[in-house]
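Next up, some structures in structure tokens.
Both of the next two complexes hold subunit A, though its partner changes from subunit B to subunit C.
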Partner chain A sequence: MMSADTMLKRAAPVLACIGLLAVWQLASLALHNDSFPTAIEAIRAIPSILSDKDSLVNFGASLRRMAVGFGVAVAVSIPLGLSMGRSRAVASFFNPLLMVIYPVPKAALMPIIMLWLGVGDIAKTLVIFLGVSLPVIYHSFEGAKAVEEKMLWSGAAMGLTAAQRLIRIVLPAALPEILTGCRTGLVLALITMITSEMIARQSGAGNILFNALDMGQYDTVFAMIIIVGAMGICLDALFERIRARLVRWSEPQFDIPLSFS
Partner chain B sequence: MPARDAGMTILPSRSELRPERATAQKTAAAMIEIEGVSQVFQTSTRQEHLALSDISMSVADGAFVSILGPSGCGKSTLLYIVGGFVQPTRGVARMKGRAITGPGPDRGPVFQEFALFPWKSVLGNVMYGPRQQGTKPVEAEAQARALLEMVGLKGFEEFYPKELSGGMKQRVALARTLAYHPEVLLMDEPFGALDAHTRTRLQNDLLNIWERDRKTVLFVTHSVEEAVFLSDKVVMMTRSPGRIRQIVDIDLPRPRRRTELLLDPRYQKYVVEIDRMFDDSGEQPP
Partner chain C sequence: MNARAVTSDLLLGLIPIALVVAVWQALVSFGYAPVTLLPPPGQVFARMIQQLLTDTFRQEIAATLFRLFAGFSIAVILGVGIGLAAAVNPAFNAVVRPIVRVLAPLPKVALYPALLLLVGFGHESKIALVTADALFPILLSTYYGASTVEQKLIWSAMAAGTPPREILFKVVLPAAAPSILTGCRIGLVISCIVVFLAEMITSTDGLGHVLVTAARTFQAVDMFVPLITISLLGLILNGLLEAVRSYLLRGFPEA
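And then the complex of A and B:
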């Protein structure tokens, strides 16, 4: 039996969504503007997008680029961030480079990247990679820096070499922080994915959205926003589930989860 | 209050108490020798701070030796040098005659901060060292369970460190270190973060465990009572820069029981006299 409390907890996200849609519906009816369809009109446009083979191919291409960009970024950034956190030499070598890249909007690099690499998969994946890398590097760095020295000493006394300590002590000890970075990175991957497709209009979910905008199909535009938004929510919730499972050992007992999962 | 000059015969005269020179004391039984060790730290203001000054001492095989001193006297640093975690600025530390150049499983540390692996269960923590040394999982687990029972943690094998109290964490840390059979235990104020009651219980248990197999122990503390209760020998240190002030042999029978010892005038005299020696130098008893 579910208690009233857990039932309310489960229902909260759904209620929030319904509330948001209701406000939208009322605002749209009140404003009565062609470029602002009602929530119901937008939702009605969703099935036709999702049943269209072309748009599914586009979604597939988007998700593929996002997965590759995110995966490569995580695979490169975690070892880099951890090494920076444990070695002053590595940190001072990469720090200036990262500090220069950090404040630059990654989408602003898109024109240059397109010029060099074309408008295809490589350019867009690279932008996603850049967007995801920095938060993951930063959080891995902070996580590695915070690892208690005595914990490493304990490992050293057991005979772990420096490399083993990095993989078997620093990595697990910093995992909660690393995964926080990955979660931010995942949302950034979605953002840079759409942005890159807005700029290099060739394929993908962002391309459908902006083509619809050009043609004045506002219900499709809003339907796409709902779809992309829902995608983000689902990915984040899925990731949060995996994260919570991996770092159960570090969670405080009474935690307020900030997720839909 | 015992009279100043009467009844102090248990302590050797001052000339006999000068710091032992390791070179003069080199015997086959010495497990650890520290020879002319000094440690200089760079402070954040770029000044040099002398933490340890010309320390020489030796620890016999199977002895329980405490390093006692006020906070900031460098006693933990000395332990870290023996552990191989810190390299001395000058001098050398040896283990069984070989210069110590880094950490190794022959010297097992137990820290005040516990330093458990929080992502591992209690059992996983205790199995970690033996697994690293290639012990088969089944065997490592059986040994770990036996050790946990010995330190009084049967039934907590699947708990994570965050779910344990401070005293329980330190029991796990002790079991984790004992699990890989170091020849020397290096204990860095292991009970310093615990409340008085837990501290007393852990001292009793440590003594019981130690009296079974008499491993060599180097034990850092700032509690006079703790040092006298546990040790064969107490190395008294001065405030910074840390120097050896005196080495006091604690000639009390073993096995020791707290209830008997607290009533024993010899125990009381050691405590009072060591306290007084700290007083004489204007240094508060730690």
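And then the complex of A and C:
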């Protein structure tokens, strides 16, 4: 049996969505701008996009590239980040290079990568890979750095080899921080996915969105914004579920408000 | 850490960067990559210095920096304000929390077409996009930082007779400062990325526009110049933020 309080908590994000859509509706009614359709008009345009076979193929292509880029990035970045966190030499070897790469917008590499690899899947997946890997490396690095030394010493005293210590002690201890990085990486994957498709307009969700913008189909533009937004929210919620399962033991108690007023 | 360890760390860190440049040069000089696709590093850096001396290129940098700073400052003010308010006021928290949960994972670039249609093609839409993207990391880390302030500190301040408003500025804000600054650092990197992207999508000036113009005319050298410039700008800004951080956190045990 759910109490009224938890039910309200579950419903809160839905209420927030409805509230935001209502604000949008009122704003567009007040502005009377041809290029700013109302929320209801935009929602009405969604079914025709989702029932179109071409656009479904496009969404599939986008999600496939994102999944591949994200998966490879996580698989490469976590070991790299962890070993950077545990070894000073590795850290000082890679740190400056990563700091130089970090502020470069990965999607801006798209025009250059396109020259070498063409406009196909490889170029876009590579860009997504680059976008995701940096936050994951950074957070794994921070997480591994903060592992309690005593646990490692006890592990070593009990005869674990360095590799075993990395997997059995450092990885679980750094997991909450790693997952924070993966969550940032997920949002970045979506962003780079959209922008890479906007630059190399060949297929994908970003392609539909920006082509509609150029052709002045404003209800499609806003409908696509809703769809992409929903995608982001669903992926994030899904990830949050997985994360909650994996790191149940380290739930931070953030929900207690400070009392002094 | 002594000075010698720092220099050896620095030297070790320069190796991969030198390697990247060396491989780049090797690819060109052994003919694996045609010069039109991958210009040699020397040519790129020479071009960059030459560009930095021209007024037009400096104006592009100024336009990018202006948008970056405007968007980032608004994001810091809003993020720290909303984050603190949500941490201390349960009612405000109940309203803001679900909205943030919905908006934070939304890819903001997808909102850019809407911003373009609403506020036009000028500075405003780019600044708005930078703010939208930089806001959430700052807001979230402010909130986490402020809500994990030790309650005993607040009780001591109350016992000493500090009024609630002053507790906010004298206890909660300083105690949350390390977390807030971490959020600002992430927000700053994101601002660099986003301002560039926004300029690539639609713009008449700025570094992103330089890249797009070069890409359309297949000027490979000119494509590398803005990318390296934004990377350097990011490094410089990061260094500045690091300096601000170590000044603000000079009283903390490990900053």
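Rule of thumb we're sticking to: the second predicted complex is superposed on the first by the 251 of 261 C-alpha atoms of A that agree within 3 Å, B and C clash if a C-alpha of one lies under 4 Å from a C-alpha of the other, contacts with A are read in each partner's own complex, and residues count from 1 in each chain.
Throughout what follows, contacts are C-beta pairs under 8 Å (C-beta built on N, C-alpha and C of every residue); 3 or more make two chains touch, one makes a residue touch a chain.
Predicted, not measured: the structure shown is a model, and the values here were computed from it.
Touch test for A:162: subunit B only (first), subunit C only (second), both, or neither?
neither
A:18 contacts which: subunit B (first), subunit C (second), both, neither?
neither
For A:116 in the superposed arrangement: first (subunit B), second (subunit C), both or neither?
Only subunit C is touched by A:116; subunit B is not.
Tell me the contact category for A:249 with respect to subunit B and subunit C: first, second, both or neither.
In the superposed model, A:249 contacts subunit B only, not subunit C.
Which partner, subunit B or subunit C, touches the larger number of subunit A residues?
C
Is A:148 touching the first partner subunit B, the second partner subunit C, both, or neither of them?
first
Would you sort A:175 into first (subunit B), second (subunit C), both or neither based on which partner it touches?
first
Looking at the complex, which residues from subunit B come into contact with subunit A?
Residues 80, 83-85, 102-105, 107-109, 111, 113, 115-120, 128-129, 132-133, 160-162, 176-177, 180, 182 of subunit B touch subunit A in their complex.
Which of the residues in subunit C come into contact with subunit A in the complex?
The touching residues are 9-10, 12-17, 20, 33, 37-38, 87-90, 93-94, 97-99, 101-111, 113-114, 116-118, 143-144, 146-149, 151, 154, 157-158, 164, 167, 172, 186, 189, 192-194, 196-197, 200-201, 208, 211-212, 215, 218, 220, 223-224, 226-227, 230-231, 233-235, 237-238.
Within their complex, state which residues of subunit A touch subunit C.
Checking each residue of subunit A against subunit C gives 12-13, 15-17, 19-20, 33, 35-36, 88-89, 92-97, 99-109, 111-112, 115-116, 184, 186-187, 190-191, 194-195, 198-199, 209-210, 213, 218, 221-222, 224-225, 228-229, 232-233, 235-236, 252, 254, 256-261.
Which of the residues in subunit A come into contact with subunit B in the complex?
148, 150-151, 153-154, 156-160, 169, 172-173, 175, 247-250
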